[in-house]
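Think of it as A, B, C and D in the order they're written, each chain with its own count starting at 1.
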Amino acid sequence: QEEIARNIFEITVEGELKKEMSAPVQFVHIRVADSFEPLLRRPNSVAAIDQENSRFTMIYRAEGRGTTLLSEKRIGDGLDVLGPLGNGFPVEEAEKKAYLIGGGIGVPPLYELAKQLNSRGIETVHILGFESKEAVFYEEKFREFGETHIATVDGSHGTEGFVTHILNELPKDFDTYFSCGPTPMLEAIQWIYPEKKGFLSYEQRMGCGIGACFACVCRTTRSEMDYIKVCSDGPVFPAGVVIS
Amino acid sequence: QEEIARNIFEITVEGELKKEMSAPVQFVHIRVADSFEPLLRRPNSVAAIDQENSRFTMIYRAEGRGTTLLSEKRIGDGLDVLGPLGNGFPVEEAEKKAYLIGGGIGVPPLYELAKQLNSRGIETVHILGFESKEAVFYEEKFREFGETHIATVDGSHGTEGFVTHILNELPKDFDTYFSCGPTPMLEAIQWIYPEKKGFLSYEQRMGCGIGACFACVCRTTRSEMDYIKVCSDGPVFPAGVVIS
Amino acid sequence: MTNLAVKLPGLNLKNPIMPASGCFGFGKEYAQLYDLSQLGAIMIKAATVETRLGNPTPRVAETAAGMLNAIGLQNPGMQKVIGQELPWLEQYDVPIIANVAGTTTEDYVEVAKEISKSANVHALEINISCPNVKLGGITFGTDPAVAKELTQAVKAVSSVPVYVKLSPNVTDISAIARAVEEGGADGITMINTLLGMRLDQKTGRPVIANITGGLSGPAIKPVALRMVYEVRKGTDLPIIGMGGVADVNDVIDFLSAGANAVAVGTANFVNPFVCPEIISKLPERLHELGFESVEELVGRSHRL
Amino acid sequence: MTNLAVKLPGLNLKNPIMPASGCFGFGKEYAQLYDLSQLGAIMIKAATVETRLGNPTPRVAETAAGMLNAIGLQNPGMQKVIGQELPWLEQYDVPIIANVAGTTTEDYVEVAKEISKSANVHALEINISCPNVKLGGITFGTDPAVAKELTQAVKAVSSVPVYVKLSPNVTDISAIARAVEEGGADGITMINTLLGMRLDQKTGRPVIANITGGLSGPAIKPVALRMVYEVRKGTDLPIIGMGGVADVNDVIDFLSAGANAVAVGTANFVNPFVCPEIISKLPERLHELGFESVEELVGRSHRL
């Protein structure tokens, strides 16, 4: 693995997974150490999938106890990975042109998504938000797929402020949007594009990661359900489904 | 480090220690992982000291959680070592000939002791007990210093049984004995040589390792004290001092 | 051949290992990972009279060798549990222990009455110890008199044996155990979680929306083990022990301390295969220790 | 310049960090590693009327992110403490908090009376919560009425402010806190250890000779933090918080929850330099969080 931005690490994992990975933003649940401290697994979505070599790549920010330990792994170290878990972005929903809107550690899964959409001949525009210049990653990789806008909170790179500042400037000439990032950002986007078809990937504290412990629930507008679980019903939901 | 017998590892540590090490069976208190699990340090005595290169060698059995983690350390890994702690065998007490009696993981510290005694021109005889042939280590190294007898519980190497079986066969033509091993063995030896000058190194569960927590106390015959601490008053005590 | 079978009121267990309530949902998720018929039993998530949405999120937080949770008894309500979850579980050859919760005695009685009629429910686990529900729940578990009355009331209507789940957040757990025994309990399950808290270190806000949560995992094992040992001294009721069990050696510990069977909670989140793994290792471990059966081992720490 | 000073009854602390009783002996050992004058205060090992040899060994056992101890109040007796240990400590510019223990009220009163006269003893810590001494000790800490009476008795004879150390092994710790406040306590220290147990996995024997021991270390921090938070809601008495503190962030947590100062116990065994390290990191950490002083931070979790 390597540090691709300040405290942002890219790690590639090889090995047979229980199920094949297909849709982007499926996530995996990782045990970073064979110790009781830290105890719980860490959910982390998949940034790129390499089926042939049964490899996949993750991008994560080393901040707390677990991810810091993860960042200390060396090549050849084993990693206990549970997954793939959850659903993914429904690539088939996009028609001609899609907006991919990501914030911080919500950006990684959009990369695999961009790859898959473009391979289906869909035009993708990428609007990515970061803390600052040092935190920016994958900008070039996204440009290879299409128009890419960057916002940084401190204005040290690209537009100053949040992705929403950019979105307000951009034409609404797309049919579908996909977004992953902090919940307030996901909320804002749904206000900006009330009439558009959109799919958002949510984060929530997790226990089991497979739907058994009810840790990761959200209220929902879906009348037939009392609640939805981010880990097993999500993490991706159509716009308007999650009440946060 | 390397595995020198079944589950027995030899590890060499380099670095500046707070104090110079001198007497053998000083021990160090080791933190095997930068985690709260395992939490406590592990006491381990020093098998060989290399002043010039500020290096020392330890030999330990990987059995529980902590020592197993220790055995997984790779060359170059850092190790949090507190010490040297405790007193050591008083080499100056030996006059002409000494018996060095060790059991299992009590054998390592006797090696540095043999080295120092011989450098003072003292003849040393080594009586070492192990579980079985696979557990035997350092036999040759001890032979270089003098007569060496091995006992194994299952008789797979040397005399069958405990070191005491050998001691009963040997002449009492020595002036001082030094011993390190399980407490029952130390007890037995004191019965065998009531009249001899002897020094024994004890083991006790430890907390702090420096004398502050009262975890490692033993009752004592020393009238002026109510108790003695293995970590700071010991681990070496003259024969007859410790009541166990 | 070592014998893993354990016979308890209402429960003929193939082996003494079962997932703890709330850590296994109603089995569906783990059923995708292994055959549930391997398990000694399954303790399903607490059921209440009405649907419960539980507490706001975050509901879990990690601590040193443990975790806090404040799920808040979220469940679809006893009708859905009886109508959908339990019938679905009938495809597996495994006895179900139904965890019963509520806020009033009437709640407990109603759920116990209905759910105990289900074909595959072989025993009830009365959760008088959930620390995450305001009013009721926890209070039932901290007052001997109240605990005894509730036990009697539930016993009166249940058509299967009744196990009462004790709270560790008490001064004298043996007193509660005696009370529920007098109340007619057929067995005891212990322990539930210890009340704890974690703060966000930047803001100082409690990480868990409910402010406090229940502490579980390896961190609490020493407390759980001590309590099982203590309660075993005062009662002959069967005990299903739990609290920080993560491997086969932990199971040996709880059986030694006097538990007749052992439940595994939090460890399922760390290693979803932990239950079948423990079950497969148990015979060899028992053999190494010189025991022919689980029942031989039970309570050995008291016989030394 | 951030201000670490904290003013409490009898105690003008340079900073809020002090080693917890029993984890620092009488200071001699750690004095070889660093200058004790850096510390906010020192809580010395419990003193009793007579010399105590304490419990048989093994006295400690490791658990997940914690340890069990059953030292059993071993100490040279108050005369030696007053005559030798305390005078030796006078060479350092640091207030001493003397931990007082016993089996009867008379014991406590006698020790409190004598030891509180020592020049450098600025406060007493009444240990009504040691789980490792049969008869007395723990029972005092689990019954509000008894705790109140003992506090009154000690208060009557002490020439310095009296802090009472609470046991976590109770159903309602706030009730005990209220009781000692009514008894006239000048402050509260909390928490002592949780009663726990570890078994030898080969033999099934308790590892600790005393059978049970007190659980300390990071494992208990969530419980300690919750109790400090709870007690702070019910009292304005100063609280010296402890339980699993291992770094500066843990200190921030306890202060946020309402502790006015923080004691460090088990962590001294893991890292003997932990106290001075925390003290040196505290100013910067406070500054990062936007606080000018420790006293500003205290109780912030209650103000959100």
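Everything below uses one rule, namely that contacts are C-beta pairs under 8 Å (C-beta built on N, C-alpha and C of every residue); 3 or more make two chains touch, one makes a residue touch a chain.
None of these values were measured; they are calculated from a predicted model.
Chemist: So which chains are sitting against chain A and chain D at once?
Modeler: Intersection of chain A and chain D contact lists gives B, C.
Chemist: Taking each chain's centre as the mean of its C-alpha atoms, give the chain farthest from chain D.
Modeler: A
Chemist: Per the centroid of Cα atoms for each chain, what is the distance between chain B and chain C, given in Å?
Modeler: 46
Chemist: Centre to centre, by mean C-alpha position, how many angstrom separate chain A and chain B?
Modeler: About 56 Å, centre to centre.
Chemist: Go ahead and note the Å separation of the Cα centroids belonging to chain B and chain D.
Modeler: Between these chains, centre-to-centre, one finds 36 Å.
Chemist: So which bits of chain B are touching at least two other chains?
Modeler: 36-37
Chemist: Residues of chain D that contact two or more other chains, please.
Modeler: Residues 63-66, 217-219 of chain D touch two or more partner chains.
Chemist: Chain contact topology under the given definition, line, ring, star, complete or other?
Modeler: complete
Chemist: Give the list of chain B residues in touch with chain D in this complex.
Modeler: Within the complex, chain B touches chain D at residues 31, 36-41, 65, 82, 204-219, 226-227, 232.
Chemist: Tell me, which parts of chain C touch chain A in their complex?
Modeler: Counting only chain C, the residues touching chain A are 22-25, 28-30, 32-33, 45, 51, 53-54, 57-67, 69, 71, 74, 76, 217-219, 246, 266, 268-272.
Chemist: Which of the residues in chain D come into contact with chain C in the complex?
Modeler: Going by the criterion above, the answer is residues 63-66, 68, 142, 169-172, 194-199, 201-206, 212, 215, 217-223, 225-226, 229, 244, 249, 252-253, 256-257, 289, 297, 300-301, 304.
Chemist: Looking at the complex, which residues from chain B come into contact with chain C?
Modeler: Answer in residue numbers: 36-37.
Chemist: Which stretch or stretches of chain D touch chain A in the complex?
Modeler: Answer in residue numbers: 64-65, 218.
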